[in-house]
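You will see chain A twice below: alongside chain B first, and alongside chain C after that.
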Partner chain A sequence: MSLLEIKNLSVEYITRKNVVHAVNGIDLHVDAGKTLGLVGETGAGKTTTALSILGLLPDPPARIAGGEIYFDGVNLLEQSDKEMCSIRGNKISMIFQDPMTALNPVLKVGDQIAEVIKLHNNCSAAEATKKSIEMLELVGIRPERSDEYPHQFSGGMKQRVVIAMGLACRPELLIADEPTTALDVTIQAQVLEMMNDLKEKFNTAMILITHDLGIVAETCDDVAIMYAGQIVEYGSLAHIFDNPLHPYTKGLFASIPSLDKDVDRLTPIKGLMPDPSNLPEYCKFCDRCDQACAGCSEKEPEYIEAEPGHFVRCLLVKEAM
Partner chain B sequence: MGEILRVENLKKYFDTPAGSLHAVDDVSFSINKGETLGVVGESGCGKSTLGRTVLKLLDQTDGRIYFQGRDITNISKRENRELRKDMQIIFQDPFSSLNPRFCVSDLIADPLKTFTRMSKRDLQEKVFEMMDLVGLSRRYAFSYPHELDGGRRQRIGIARALILEPKFIVCDEPVSALDVSIQAQILNLLQDLQVEKDLTYIFVTHDLSVVKHISTDILVMYIGVMVEKSKAKELFEHPLHPYTKGLLSAIPVPNIHHEKVRVKLTGELSSPINPPNACRFVKRCPYATEICRHEQPQYEEIMPNHFVACHNCRKINNL
Partner chain C sequence: MIKYIIKRLLLLIPVLLGVLIIVFTITYLTPGDPVVSLLGSSYTPETYAAKAAEMGLDKGYFGQLGTYIFNIFTKFDFGKSYMTNNPVVESLMARAPVTAKIAMITVVIALCVGIPCGIIAAIKQYSILDYGFTSFALLSSAIPSFVLAPVFLVIFGVKLKWLPLSGLTSFKSYILPILVSAIGGFALITRMTRNSMLETIRQDYIRTARAKGMRMNAVIRKHALKNALIPVITVTGSWFAMLMGGSLIVEMIFTIPGLGTYLYSGISNRDYPIINGSVFLTSSIVCIMSIVVDILYTVVDPRIKTQFVKKKKTKVKKTEGENA
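Showing the complex of A and B:
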């Protein structure tokens, strides 16, 4: 059985004017110790998915319209607030995109890490402090810096603190929401390598949310491509990178300037993502798709298994089978 | 093709309470008409300051700038204003660089209103022309920036920069805030416009794959100094400076069969405030020797048109 299993999850944001369909019936699973890359553009619903796993959606305006999220066999959506509190930060924790705003500026970093440990483990303040220093060393920060405040750290160092906090209780699942987007490439390489090492050491499963396919190639086992609140393609690294099937996935690859090959002109995906408050009834990608045919604008394509373990939501793939 | 811009020993220091911050330290280069110079480096390396100093948006501390053969280093305010018609900038953040109270049409017409006297009708005609050029549908002419997405806003920024028909544009991270599919659209647009209008770009970015794609030459900066400069292709095929090697190998490549020789860079950028007389990269350099700690390396032409500032460059690369 998978560690995390999301079944047909839908999330809406209800605003005064309209209803924004952020996540529309997604199915996902993450196995213990594995890393799933969740890829998509701004507004695809990646972060909303992550927040609904943790029960952190702002309600209102957000509302879970349907679906189930099973973690270790328990449906997280049916848990009480108190039960969620004991899971959050303990069994499932999250690393946020922006380390500058994820830390409390008026608390010492050591105390911020110790707070998580004290909350979830029945231990004394001294033990928690000791453990927090161990965590800092683990992410490559000298122990004497635990008495410093976040503003005394650089961006890369702050993100290390956030990672130390996320891993402090040895969670079974870590959700990392664009953990390196705010960092420079050389620092990004250091942080990613460290995350990979720690993940293996603790055998933590991870959902890595990103828009950078390069990071996915280096860190993930499986990939889910999200578009307009749906998973349009799902498969192993080899499936997605060697044999992308969905036109959107192919378009993403063609949009990135390549370092290996010389391309004079990029082939961008035309147009923009549809407005999530006014999604079409048919294929959500149809209006931007070069290969769209008449059938594409009639009904929603099914989510089919094109080859074992490789799922795709596209009418053309289905017809070609 | 002739040279359009030449910069000699340009320095820009900022006074801070902690001392003098060397944002740009002794940078020299020249650009030919119709070409693109890519400036890359990590945050805080002085690449944006370089772009702005070249445009005279900031006053240099020392050094000379020649634009179309003319020394523009110490020009008067009035001349500086005239210069704006020929030199423009596209900013990074299309969310904060546009006045939220102006509609698209006003935003694009603004530079023209400042510099010319035109009838309302001519002005509107010109704005529509620009909107067509940058691929903004005319129906957005009276929308406000908050109603548009990032890609469209960046198109407004480009239209504003182009309406005065400049010859030279500094693009300061114009695609960093955009999603990949939109980023590709904007990069194509910038390339098309360059050919159509014979524009010269300085393209400042931290994204190495973007800079390789768009540049003729690439300049790599590290804490205010230039560490390497060469043709774009040459730089990616034969990086000579240890920092460039580290930088290139740190890029995650979207290819699972890509074999990587990783030059690991430990640590972070050191402070640009009162830097010692040493190689600025010494603390992170895996090849650092004694001389690197006492002397700043000279910038020299190691191979034809390939400049590097490193004491041990020949030794590291077996040249």
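Showing the complex of A and C:
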């Protein structure tokens, strides 16, 4: 059984004017110790998926319209706030996108790490402090800096602190929401490498949310491509990188500059993602798809298993089979 | 930090000197003759000249200003009241504790009630409690104290006869003046706390704290409160300074022998030393409060502290470098 299993999850944001369908019936699973890459452009519903796992969707306006999220066999959506609090930060923890704002500016970084340790382990303040310093050392920050405040740290250092916080209780699942987007490229590599090492050390499963396929290639075991709140393609790293089936996935790869060829212009995917408050009834990608045929704009394509373990949501793939 | 405080206190001297000169000049230029208002209509040029000399008003502008400032700096003498001949400093000292007592109790009550109400209103935004607190705050900030005070006097003093109408006889006499000033402050503090709390709980670090598995109440207490209080400190500081200057209307209506009524008596009698002395005291309080507020900032927000103690920090770094 998988560590995390999301079944047919749908999330909507209800505003006064309309209903935004952020996540529309996604299925995902993450096995213990494995890394799943959740890839998609801005607004595809990646962060919403992550927040609904933790039960931290801003409510209102967000509402879980349907589905189940099983973690260790328990449906997280049925847990009380108290039960969720004992899971959050302990069994599932999250690293947020922007390290600049993720830390409380008026508390010492050491205390912010010690807090999560004290919360989930029955230990004294002194032990928690000691452990928080160990965590800081683990992410490469000198122990004497634990008495400093976030504004005294650089962006990369802050992200290390956030990672230390996320891993402090040795979670079974770590959700990293674009952990390197706010960092420059050299620091990105350091942080990713460190996260990979720690993940292996603690045998933590990870959901890595990103729009950078390079990062996915380096760190992930499985990949899910998300588009307009749906999983359009899902498979192992080899499936997705060697044999992409969905036109959107192919488009993503085509828009990466190649090292071998000398090209003046990239090939972007034309058009924009459909308005999530007014999604088409048919294939969501149809309007941007080069290969779209008449059947594509008639009904929603099924989510089919094209080869063992490789799922795709495209009519063309189904017809070709 | 202590160095910084001393620096700020020393900077007070030129500021207050400026205040002295400006206030003195304004009262000097004010039309009307204090000698005439003191002597009444029956005076001869000789008695007028004698009285003016006695009050020190026979000298020119610079002469008067010079003596005034000289006396303050050498003897801490702010002159004597023209009317009663009592030294201004003594009267101020006698009246300041009354005003200070009312101001402090008012601020404490307004903070103790206003901050929790503001927090609840923010956490339960758009709930009945939120609407209740915010509309009460809006209402009470819309009613001026010169309306509220007489209404309270009529209800609690005249009709119900629970509380005394005027003067300061027992602790009961403090209730109404404090209530009237606290209601205005409650409105201010509730609105301020609500707004800054609403802004704070939408910050990313609040979500981080929630993701650690903290209950919402603990997150508010440990993470949001300190951040949300910074603007509340600012308004409370200036409001307290205002109250310390003597809430003129409230003190007048309840006939409280505080700084407000003293200043008022000075103004209505053209008693210039009283006006100058009162305004000087009020501006000193305002200046000191702004220093206190700045110090409180550093307690709450370490980012502000780094700005103040920058010099010290670079020194530490230097010694580190030398050691290495």
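FYI, the second predicted complex is superposed on the first by the 320 of 321 C-alpha atoms of A that agree within 3 Å, B and C clash if a C-alpha of one lies under 4 Å from a C-alpha of the other, contacts with A are read in each partner's own complex, and residues count from 1 in each chain.
As a convention for this text, contacts are C-beta pairs under 8 Å (C-beta built on N, C-alpha and C of every residue); 3 or more make two chains touch, one makes a residue touch a chain.
If you're wondering where the values come from, they're calculated on a predicted model, not measured in any experiment.
With chain A as the common reference, chain B sits beside chain C without any clash.
By the touch criterion defined above, A:L167 lies against neither chain B nor chain C after alignment on the C-alpha atoms of chain A.
In the superposition on chain A, contact of A:L9 is made with neither chain B nor chain C.
Of the two partner chains, chain C is the only one that A:L119 touches; chain B does not reach it.
Once the two complexes are overlaid on the shared chain, A:L213 sits against chain B while remaining clear of chain C. When the two complexes are superposed, the chain touching more residues of chain A, out of chain B and chain C, is B.
When the two complexes are overlaid on their common chain A, residue A:L138 makes contact with neither chain B nor chain C.
Once both structures are overlaid on their shared chain A, chain B and chain C have a minimum Cα-Cα separation of 9 Å.
In the three-chain superposition model, chain A touches chain B and chain C at no common residue.
Residues of chain B that touch chain A in their complex: 42-43, 149-151, 179-185, 187-188, 191, 206, 208-210, 212-214, 233, 236, 246-256, 258, 262, 264-266, 268.
Residues of chain A that touch chain C in their complex: 54, 56, 81-82, 84-90, 93-94, 96, 98, 101-107, 115-116, 119-120, 149, 151-152, 162, 165. Here chain A touches chain B in the complex through residues 41-42, 154-157, 184-190, 192, 211-218, 237-238, 241-242, 251-260, 262-263, 265-270, 272, going by the rule given at the top. Those residues of chain C that touch chain A in the shared complex are 203-205, 207-216, 222-223, 226-227, 300-303, 306.
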